[in-house]
Amino acid sequence: MIVNGFVMNNNFNRKIKVGIVGGTGYTGVELLRILIQHPNVELLVITSRKESGLYVSDLYPNLRNHIDLKFSSLDNPELMSCDIVFFATPHGVAMSQAEALLKSGVKIIDLAADFRIKDVEIFEKWYKIEHSCPDVLKNSEYGLVELNRCRIVRSNVIGNPGCYPTTVILGLTPLLEHPEPLIDLNDIIADCKSGVSGSGKKLEISGLFSESSDNFKAYGVHGHRHHPEIVSQIEKISGKKINLTFVPHLVPMIRGMFSTIYAKILPHALDVDYQELFVKRYEHEPFIDVMPFGSIPETRSVRSSNNLRIAIYRPNNKDRLIILVVQDNLVKGAAGQAVQNMNLIFGFKETIGLDSISILP
Amino acid sequence: MIVNGFVMNNNFNRKIKVGIVGGTGYTGVELLRILIQHPNVELLVITSRKESGLYVSDLYPNLRNHIDLKFSSLDNPELMSCDIVFFATPHGVAMSQAEALLKSGVKIIDLAADFRIKDVEIFEKWYKIEHSCPDVLKNSEYGLVELNRCRIVRSNVIGNPGCYPTTVILGLTPLLEHPEPLIDLNDIIADCKSGVSGSGKKLEISGLFSESSDNFKAYGVHGHRHHPEIVSQIEKISGKKINLTFVPHLVPMIRGMFSTIYAKILPHALDVDYQELFVKRYEHEPFIDVMPFGSIPETRSVRSSNNLRIAIYRPNNKDRLIILVVQDNLVKGAAGQAVQNMNLIFGFKETIGLDSISILP
Amino acid sequence: MIVNGFVMNNNFNRKIKVGIVGGTGYTGVELLRILIQHPNVELLVITSRKESGLYVSDLYPNLRNHIDLKFSSLDNPELMSCDIVFFATPHGVAMSQAEALLKSGVKIIDLAADFRIKDVEIFEKWYKIEHSCPDVLKNSEYGLVELNRCRIVRSNVIGNPGCYPTTVILGLTPLLEHPEPLIDLNDIIADCKSGVSGSGKKLEISGLFSESSDNFKAYGVHGHRHHPEIVSQIEKISGKKINLTFVPHLVPMIRGMFSTIYAKILPHALDVDYQELFVKRYEHEPFIDVMPFGSIPETRSVRSSNNLRIAIYRPNNKDRLIILVVQDNLVKGAAGQAVQNMNLIFGFKETIGLDSISILP
Amino acid sequence: MIVNGFVMNNNFNRKIKVGIVGGTGYTGVELLRILIQHPNVELLVITSRKESGLYVSDLYPNLRNHIDLKFSSLDNPELMSCDIVFFATPHGVAMSQAEALLKSGVKIIDLAADFRIKDVEIFEKWYKIEHSCPDVLKNSEYGLVELNRCRIVRSNVIGNPGCYPTTVILGLTPLLEHPEPLIDLNDIIADCKSGVSGSGKKLEISGLFSESSDNFKAYGVHGHRHHPEIVSQIEKISGKKINLTFVPHLVPMIRGMFSTIYAKILPHALDVDYQELFVKRYEHEPFIDVMPFGSIPETRSVRSSNNLRIAIYRPNNKDRLIILVVQDNLVKGAAGQAVQNMNLIFGFKETIGLDSISILP
């Protein structure tokens, strides 16, 4: 994991002005944790529909003595003075405020899905809301830095990837970028497992401790919104139609995401060294760690960090490839990745504010 | 733990008709689990305001293939045909239906607080609702079998004890029944710890997995509704005013309650054998297990059972007495105790339906 | 789930004499919990190498006041007086005592692997021990009742299935019994998740709370002993070579197993109603619950019960079949299944002692 | 929480050479996490009896790509070149190496108990080992910075406080420093609760996930080694004999410690404003946060941070005082406090390396 050569100069001490819309959920507090400790960030405003007027640290006790801000209402004009605004809101909010902000020269990173799927029809089918600014969408960029670094740096609107898509796309990218397909594109399975914080701070029975502790289940087997997001990206990479089976599961832990990806190597590609392929692809990526052959990634090993770890398996050296991917769903899968995008856009060192060590045990 | 000599004959195969009002919460499903397996019970009706029409087993997957009933509406007339109706409802519901049921000859066990506190003023102060049937309250009985067996057997309305009170009262009873006080009544502390299911299946942020897992906290330090309930009972036992400090805490586990009770032995009572005192007091109680001196009770050892375990400590044989009490808050602290009351009232063997072994690990 | 028509008469009150060798692990205590409550069982002897002389209830506090036995040494002659002896021991112990017991007319159920794999060579390769009684092995039966009921009833030696194999084999059986293959036998994936108790009560760093809580990982990706066990059984069912990819994972919960099985429907079999196929296959099985189409099985719904639940998915009605299987790894995946075998062998009703309701929440 | 005025100049960029003896346990990995990110530390050597030769990051996956060191053997001569050596070892190791290190001018911070208790007799009674360097002990300092800042800064050997003592001593200090006792010194109770990591990375059955998850218990009620440590310190503060009742409990969470302390206000001190007393005492302490009256401290709010939070309660304004104290047992209760001592000794800003925000959720 060597620091990438793209943008490394962090010697200037410029501070950018940052706003957060909807800072009361789990991606919100995680954004706060990272941004408060970021040397190039001045946190200007945090809005909340429900908690307007409340001290942020009264809602999030971990932030006591670290932040003086109160939540303000959504129409806080200071948002317009920001260099960048993060939306840690439900789907549909960012698109409603995007045009006004852009006109004021404010850049946008949306942690919800408004700018993740380019095809408006597919977006509207899965999210059951009309897309109110298709033009902005057209010019937005999918914020998976490891895929789109060059485009993100020139973009004003970023759709920050979903948590599952981050693991599955990055787990498949080296296999799909190849000019000729290495694996059977009709036979890819992503069996994914997420900690409970992945579903946010919603008041749902299924999220209660007494319901989700000491329990394991699948969900969304008939269809999950991250499915079209993943497929659109991996089809873009490979340039071909892909048939992906995607089954998410819920793990009784707060943070962490583990994706077990199964691919079938095509006959002509049986001699490829897949470990080498992955190592090469990601060798300059600061946050992607291709572990040594035979490694056992654990979600806790990246808890609270922006690292994503990958281990490649090929049982008996046959045609089955197994790719294990772990990340912290709230960091690389959400807030950390958003800050990585911000760093890139403003020319900061990509790892700044994102290099702390995971907490273990 | 020998089976008590009070009511043991269970040779008749009579089945009583049982109804449950409000069977969707955790005490509701636990009542169902126990009553479905009870050989003398025919479950006639379960009502639910919200889930009327739904199969019970669709809400509670553990009951699939064990019960055919649907939830019915609150005004289901079959309630009037029951021998006994359990209220597993919020506070205030049982009192509103009590008189009608009693007129039809239906007995009542309320798992909420409507019939726990005899003093209407204190009840209304703590529960912020007017008591609508003080006459019924007057004739009701506090359903702590180990204290009130003789009165319960003749009673038509039972206020099933709160979970914390069950542990604290039973942990103090042998000390307080003594004609002369053995301990300083101004210096009793109950430091209590409960699993998360104790607060029910409510949609509250604090009950979410991501909020309560991997976390420990106190709550209600300024005042908790179980405090007046405990005090009224222990003052009744001792016949004297008692000053109790009670601090509840929340443990990241589903079930289980652990109370650490601190008492100060009075000078004249330093020679008493407290282990012996407790053993003697409870030797005929089928569900109270006074463990050998120096034992370490664990909540898991009584998980899913109606047993309550007590261990007595007296460090360096000085004047400090420590009483450790464990129970499953949903069983002995709620549904199991309610069925124990039912068994007693209908002349069944007290342990029938309540003698299964705890699940461990 | 209708009670099977095979052996239903439980009217005689005969008690059989039962012994347990190695009752200190988690399958041991679970066997004890079930057998103590079994109306046709007299528990005669429990041995333990390490704990000989200790009261069983001193090791397992949930059994206090339910059992008076002490652990005895391995050479306790009373084992020879038993009708049946369960081995809840490490691999290799049952085979060393099998012949002596059989000579005394004692039947054997081994919860370890000694009698699970008929091919001695494969057994020795995976378990790294020589098989000391290949003749006994030859006459033993694989104790998956739903597959081998007729043979088990005539058998004296049962190899109780491993936990993962129970879910994977039963999840595939309806697809493989068909005279013509319905699915691609070269493309079956079992992505399996187990609670921590699955690895037993071993003193290993990875089993510590601080290591396995709030964490998720795969293990044994390069090869797991349950792989050859599964393959040998499913190849026996189908009569053909099968290529199975099997990846086990560890879930931070005590009990529970969840297997997500992926199969590819062959072109000629696209019109089969797979839901119907599974329902039909298991309609008379008391412990197999094929849930309605679109159901979400949860491990907690079978916690502490012998039930195994299956849900079938076929996204967009294409060629991908997803089979979700849940069980309690210590019950249907170990001790419960062993007692199910015992019930069958001695002509008891198959569900006797195994019909309690799961604990939820 | 204002940064203390004692030592604040951190402008020089000096790096000190640091060694760790016994870096494989949980306090070891936590020391590593903090020290690797400390700007004034060069980590020179880490020893381990068992893991000598292994890369540190192979044992602790969170440290991958953050550290290149291997564990070395105990007699690594580089220890002598260090400015300071931390002992994260079992009791008895530090004392055996202390004199040699001190002769070489190396300072010592022992995270075990060798230098916590000044009275050799009491030490030997509780730890069952002879103290091999009573002279070093005499000149050592108890590393509770908030009590002993002036002495620590001049000391070469620090006994880093135990986790329970840190919470109980700091929770009582403002009450005991008063020239006249404010509380009854014969009636202090500390009901303490610890996460499982508090007992270290030991291979004990009780530490297994399947034993300690979903469970709560007390332990060491008859006597715990932290009892004499607490008593010796609080008696030193107050200058009087103190009778402390101390009951530790085990909480099913990885990190976190919660102490509920009960004191009885003496008649002459009923008018004291205790909230004010605590606020004043700790107003210049960077890591002690006296929360507003009525606050609910949670262990997760300080998870992974060096902060210790205190909330004061006085029910009905009577004579009972309740002090709630939370910390992360591995940070303020162990490794963080050790680094705080190091910062102080070497004239670094006290908070350097210790100011990251807690992870929540």
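In this document, chain identifiers A, B, C and D correspond to the written order of the chains, with residue numbering beginning at 1 in each.
In the analysis below, contacts are C-beta pairs under 8 Å (C-beta built on N, C-alpha and C of every residue); 3 or more make two chains touch, one makes a residue touch a chain.
Keep in mind it's a predicted model, so treat the numbers as computed, not measured.
Q: Need the graph distance between chain B and chain D over the touch network, please.
A: 1
Q: Can you name the chains that touch chain A as well as chain B?
A: Chains touching both chain A and chain B: C, D.
Q: Check C-D against A-D and say which one is joined by more contacting C-beta pairs.
A: Comparing C-D with A-D, the pair joined by more C-beta contacts is A-D.
Q: From chain C, which chain is the farthest off, judged by mean CA positions?
A: The chain farthest from chain C, judged by C-alpha centres, is D.
Q: Rounding to the nearest 5 degrees, give the angle of the rotation that lays the CA atoms of chain B over those of chain C.
A: Rounded to the nearest 5 degrees, it is 180.
Q: Could you please state the distance in Å, as a whole number, between where the Cα atoms of chain A are centred and where those of chain D are centred?
A: Taking the average C-alpha coordinate of chain A and of chain D, the gap between them is 37 Å.
Q: Mind checking the centre-to-centre distance between chain A and chain C? Centres are C-alpha means, answer in whole Å.
A: It comes to 40 Å between the two C-alpha centres.
Q: Determine the centre-to-centre distance between chain C and chain D, using the mean Cα coordinates as centres, and give it in whole Å.
A: 47
Q: Quick one: which residues in chain B touch 2 or more of the other chains?
A: 26, 197, 210-211, 213-214, 252-255, 297-298, 300, 303, 361
Q: Which part of chain D faces chain C closely enough to touch in the complex?
A: Going through chain D, the ones touching chain C are 26, 196-197, 201, 203-205, 207-214, 252-254.
Q: Would you pull the chain A residues touching chain D in the complex into a rising list?
A: 1, 26, 29, 33, 36-37, 60-66, 197, 213-214, 254-255, 289, 291, 297-298, 300-305, 307, 356-361
Q: Under the definition above, what is the set of chain C residues touching chain A in their complex?
A: Those residues of chain C that touch chain A are 187, 189, 191, 193, 195, 210-211, 213-219, 221-223, 243, 245, 247, 249, 251-256, 258, 260, 262, 264, 294, 296-300, 303, 313, 315, 318, 320, 322, 324, 326, 361.
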